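Working notes, beginning with the structure itself.
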Amino acid sequence: MVVPLISLILLCPLAAFAVFGLSGLVNRRFPRQDYLSTVAMLAALVCSFLLLREVVPSPESHTVKWISLGGVTFSMGFYLDSVTVIMLIVVTLVSSLVHIFSMGYMHGDPRYPRFFAYLSLFSFSMLFLVVSDNLLGIYIGWELVGLCSYLLIGFWFEKDSAANACKKAFLTTRVGDVGMFIGMMMLFTKFQTLSLYGEGGIFALAANLNTGDMVWLSIAGILIFCGAIGKSAQMPLHTWLPDAMEGPTPVSALIHAATMVAAGVYLTARMFPILTETSSLVIAYVGGITALVAATIAIVRFDIKRVLAYSTISQLGYMMLAIGAGSYVAGLFHLTTHAFFKALLFLGSGSVIHAFHAMHAHGHDDEHDHAHEHSDHDAHGHEHGEDPDSRHILGSEIPADQDMRNMGGLRHKMPITFITMLIATLSISGVPFIFSGFWSKDAILGGVLGRAMEWNSVHHYILFIMALSAAGITAFYMFRLVFMTFFGEPRNQEMYDMAHESPKSMTVPLLILAVLSLPVVNILWFNESYVKPPPQPHLHAPQHAYVSPDSNTDKKGYTVSLFGVSEAVAAEEEGGHDTHGAHGDDGHHGHGPAHTIAMVLSICVAGLGIFLSWLFYHRRTLSAESVATTFRPIHNLFWRKYYFDEFYDGVLVALTVWKARLFAQFDGSVVDGIVNGVGVVTRDILAAFTGAFDNRVVDGLVNRVAQVTWAVGGKIRRIQTGAIQTYLFVVLAGIVLLILIFRAL
Amino acid sequence: MTLQHYLVISAILFTLGIFAVLTSRNAISILMGIELILNSCNLNFAAFSRFMTPPEDISGQIIAIFGIVLAAAEAAVFLAIILAIYREFGSIRPDEVDTLKG
Amino acid sequence: MLLSLMIFIPLLGMVAVLLLPRESEELIKRVALLFTLIPLALAVYLFISYDRSNGGTQYAVNAPWIPAFNIQYHIGIDGLSVTLLLLTALLGPICVIASWRNIEKGIKAYMALFLLLETGMIGFFAALDLFLFYVFFELTLLPMYFLIGVWGGPRREYAAIKFFLYTLFGSVLMLVAMIAVYLNSGDPGARTFDIPTLITLAATAGHALNDLNFQIWVFLGFFIGFAVKVPIFPFHTWLPDAHVEAPTAISVILAGILLKMGTYGLVRINMAMFPQGLDHFTNGVGFWGNSLALLGFINIVYGSFCALAQTDFKKLVAYSSIGHMGFVILGLAARNDSGITGAILQMFNHGVISAMLFLLVGVLYDRAHHREINGFGGLGTRMPIYTGITTLAFMASLGLPGLSGFVGEALSLLGAYDKFKLLTILSTIGIVVGAAYFLWTLQRVFLGTLNPKYEALPEINGREILTLVPLGILTIVLGVWPNFAIDMFRESVTNLIDVIQAI
Amino acid sequence: MEFTLKNFIFYGFALMTVASALLVVTVRNIVHAAFSLMVTLFGVAGLYVFLQADFLAATQVIVYVGGILVLILFGVMMTSGRLEMRIHVERGQLLLGGIVSLALLTLLLTVIANTPAWKNLTDDGTELPPTTERIGELILNGPFLLPFEVVSVLLLVALIGAALISRKEVRE
């Protein structure tokens, strides 16, 4: 039952895309691509839920030979454990909702069918990535989602900014992917396989490595993680994600918030068993720094989608931090909750943007044209088309319908959007108990603090503080968003007057997602043994770490109740693996105090953030402008996004282009120049015999040869007087000479 | 009258023919030079036939006869060409007819 | 017999075309198409009927040709040849169709030369006698020279002569090496040009061909001959010129087949016949031991960066070819399972993909009459199907998984990493730069606002789609199911590795 | 070398041949040259007689003097329009040609003098039977039949060709 289900899950969206591709080739549109794609996605969703029922006390995997060489075989297959199933459900669920939402949002777009086809292709790729049981398969899905991301970011490719953004996204992630590929090469060379599971899989083989190989394994792990850095927009490769907001908003919700960017986290989690202390720490720090930096940048954005984009980066950093700190389950848990509430936030913002579009449409056109975001941006692109790059760097050009400074007071106009977005905001901010985000975030904080206390590790204390600050900042800027958008007085009366609630196709997905932002989602993590962190044979606690005396004897694990992380005592089959712990779980040793402390602290910082936000943006007792002026340098740093774009555009891109030009010139002048030298020498020697040659400098040995030949011919042809007598004379003289010579011999 | 007498005469004729062909500025005198050369060859054939082969073998003479025939044919064609050239170039000086000049 | 038919049917077609009156152009094209379709049918038959479990030579024909030098008409195919034969035979009709409308003068001579070229190419991949091999190698040169020099762009004469002289330069060295091999193959009277025999002799301890120094020099001779054709770094400058000037279909053949002749030669002659020489250049020790991989690396990175700087669409594709052939060299240098398989796959895939790319450039050029990348913009709105196919080709070329380009590249790199760690890691720069130049081109040509000059540009037509679709399908099929091709030459590769490792 | 009449006559012919050939080459008037050539041809015919090649001698006279020479004279007339056309000779060419010719002559003479097989082959003076009949046999009924036929076709072709080339072009 498992195999056909998985096949169905993969094939449904693929078929939807194939219909589009084939119909496109013959220039006939399939009439209802939107329904086709949506139905395919819903079918996949149903199959995923069926799988949930099927599954699965023990992981299941099936492989087929994909490439078989004389000595090596590369297999393709799927590996189905609880995490896979949860991911499948998350992906299909969000994707289905986004499909439905898009039917309203994208209605009237000239490339409306294509949008759904791309969504289908994306869903297929993402699902393929999720179920793959080997690195090659993951890599394939990985690149394919990258392609879809490219196509969808550049969906409105008439805009120069979109065209730039999609290219940037693909290239930036590809840098990370190359790192991942190098990591794969390392693993392959060592183990002669790229399969992860089973007897001959990488995990089983890596478990047997001795300590001498730890440096190697750390490097390999970090390189694989490079792929995740790129795809999950971690520092320093995060800059593509904010630009990716040039894509249609449902795309931002699906790809750049809920699923694709989370694939990096998923990959890192999959790689959990081969992480060592070093690579774990690197991952944790990258995640922690990303979480903090992106959050600070988000504070000063005015583009509603960019705020959410930086928020996404920040939350992804959170998940990385969790996995790096050993909180496997918490990381994935947060991935799930984040997928829903962030998709909700994006779709909500899409709803707002859509409302403003409608204004334009009514203002300019009687026909109800919903493709205004598109046309709007198009005009925008024309206006500023001359210098897209500088626009990017400054980040100051915000489309009017996305600029929060034009919003305000919308809660009256768009009640459903408002309510649902508020729920999501409360969730992401970590407002306690009735919102899912609180539980997952708290699990991470507790896990990190737990490890810090357990290992007595300075690193993990630092990471905990980073995470905590990020949580506070997150609460602050998310409420800033809500206050600026939905509260207060309308800042732009004209736009406000035209705004309206979105159609049902858009609000229904919002409502569903709002429900999913409540702890109901935790049901996925309900069964105490449902998700077990895999063992980490090469992760050892430092020598000075406090190891609880019962760590070997207790059957430990991690439990998530209906209301999130409430206790953490359960089975850990591999418990006796070695004496130093090797518990790749959620720091349950320090659970008691750690989780309590973490929870209290996180509620405090969240409350502080919300309170400050209220003061700044609702009560306006504090002025954001004056604070910004006071801390001008810091504000600048945030505003300019830590100068990453400037650095990349000004240094790396320029350097690459410069190098390319250099190489091309080198090709034209030096490579030919070397042979030119040879050519000149050749020419001069010949000149001594045949007289004057023309001294023109030519490029290329071939030219030289031709010219030399030409010149020699020019000289020699004088001999061809055309007078027969001369020929005869020469012939005879030659004969005489020859005979004389040979007689002399 | 040894073989060498004839060979010497033939050699002189040959050389003179060559000289004429080389130096003459008139196509017809070149033709005459060629005729000299052919004659020298024929003379050689006859002489060798006389001195180097058994008396009853007169193949050399027959070859010489063929040579004469060829000379006749050659002269006819040559003169025809000369006429054609004359019509084309208005001259039969070979140095003025140099279309083949490279 | 089947193989001989396949070689000489295009020649027959040439005669047929020459006998037709100059004026009946449609008929000429149809006849040419027919005579390229027959080899395709034969190639498909060979492809299907080839015994995959046996990597040895099949369908061999061996007859004396010039007995005085013991030269034989010896042809046969193994898995590698049959794959490339299929590619050749496939590109034949595609190129004829691609030339249907845009050859304006002398279609008769064009088709005749094209058919001659096809004979040369098919013969080359089937030849098993060194002399025959060389003859077919040179046989491709002449028609190519005329096809570029007569039907090419504005600087066609220059490009054609450059191409001709360069290749001739290489093949002269090859000839010298070939004669050296012949003279050392035995006592006078027992000398041979027969490739399988020579391979056996070269592996026989104590034989003159088995000498390390001899093998190194002969390896170099052949190598330079093939390196010009591939082309490998310092010998590549003919390629951009030839591609830019050649008509579309000829560019397709040039990139699709002629470049493969170089790498095919490397596998067939250099690797199989001179394993010690190969070892000397690829054992990973010292400079010489890394030299072949180094050349592959230089090709990849250098070609990619040069491509990044181009503004001529066709030149960009030409330089990208240089980059992609670098992966072949790198894979061959690794000389292990995945390396060689990857290299061969890359050969085939590059043939398919670059053919697509050149056809696509041709489509654009036929409409806009220029190839300046910066002169376009926004074509995506005007020509959606064309844009879609181009995106597919670009993605395949930049190594997107799921499309064929990836498999070859990935296997080459995986194999090469085993031996040349640093060079392989550095070579991955080529992957990023490759993505960069293709995406940048995609953006400059298709994305952004539509250049008003091209508002009336017609969409790609059915005939052009017809040339692209088979290649596109192959790209996808081989990307999804590479075993489809690998099955053909797996055993042959194993045999080759046995030969290499036997030293 | 005794001074018999026969010898005398031989040397006379020889001298006549050589001297007139020299004239052919040196005289400036082409008509004179042509007539000198006639003398040379007669001289050669005489030499043939001494070689006991009677048929050959007769052919020489008939074909050369009767045919070729007349042809040449016609050629002179038709190209110059007057009978005393000058032969142009340039000094440099003369010098070079002279040097080469002299060298050639020296070479030939050296060869003639130094080839052992050719030495001491004296004409013993025996009378041989007339050759005409035998030549007729050989040509028409012997091994030379085929060459003879070929040559006759050649001659025919040459004559037709000559007529074709020299005829006035008729513009259509």
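All chains are identified by letter, namely A, B, C and D, in their written order; residue positions are counted from 1 within each chain.
Everything below uses one rule, namely that a residue touches a chain if its C-beta (ideal position, glycine included) is under 8 Å from a C-beta of that chain, and two chains touch if they have at least 3 such contacts.
Worth saying up front: this structure is predicted, and the values here are computed from it rather than measured.
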| item | value |
| --- | --- |
| Both-way neighbours, i.e. chains that touch chain D and touch chain C | A |
| Inter-centroid spacing, chain B versus chain A (mean Cα positions, whole Å) | 95 |
| Rounded Å distance, chain A centre to chain D centre (Cα mean) | 101 |
| Rounded Å distance between chain B and chain D, as computed from the means of their C-alpha atoms | 7 |
| Chain A-chain C separation of Cα centroids, rounded to whole Å | 36 |
| Shared interface positions of chain C, touching two or more other chains | none |
| For chain B, residues that touch 2 or more chains besides their own | 18, 22-24 |
| Residues within chain D bordering two or more other chains | 93, 96-97, 100, 104 |
| Touch-based graph of the chains, sorted into line, ring, star, complete or other | other |
| Inter-chain touch pairs (all) | A-B, A-C, A-D, B-D |
| Touching residues on chain D, where the partner in the complex is chain B | 6-7, 10, 14, 17-18, 21-22, 24-25, 30, 33-34, 37, 40-41, 44, 47-48, 50-53, 55-56, 59-60, 63-64, 67-68, 71-72, 74-76, 78-79, 85, 87-90, 93-94, 96-98, 100-102, 104-105, 108-109, 112-113, 117-123, 126, 128, 131, 134-135, 138-139, 144, 147-148, 151-152, 154-155, 158-159, 161-166, 168 |
| Interfacial residue positions of chain A with respect to chain C in the complex | 21, 24-25, 27, 65-72, 136, 139-144, 147, 150-151, 154, 157-160, 162-164, 166-167, 170-171, 174-175, 178, 181-182, 184-186, 188-189, 378, 381-382, 385, 656-657, 659-664, 667, 671-672, 674, 700, 702-703, 705-706 |
| Interfacial residue positions of chain C with respect to chain A in the complex | 158, 161-162, 165-166, 234, 237-238, 302, 305-310, 336-338, 341, 378, 380-381, 384-385, 388, 391, 395, 400-402, 406-407, 410-411, 413-414, 417-418, 424-425, 428-429, 431-433, 435-437, 439-440, 442-443, 446-450, 459, 465, 469, 481-483, 486, 490-491, 493-494, 497 |
| Chain B residues touching chain D - in the complex, by the definition given at the top | 1-9, 11-20, 22-29, 31-33, 35-36, 39, 42-43, 46-47, 49-52, 55-56, 58-59, 61-62, 64-66, 68-77, 79-84, 86-87, 92-93 |
| Chain A residues within the chain B interface of the complex | 717-725, 728-729, 732 |
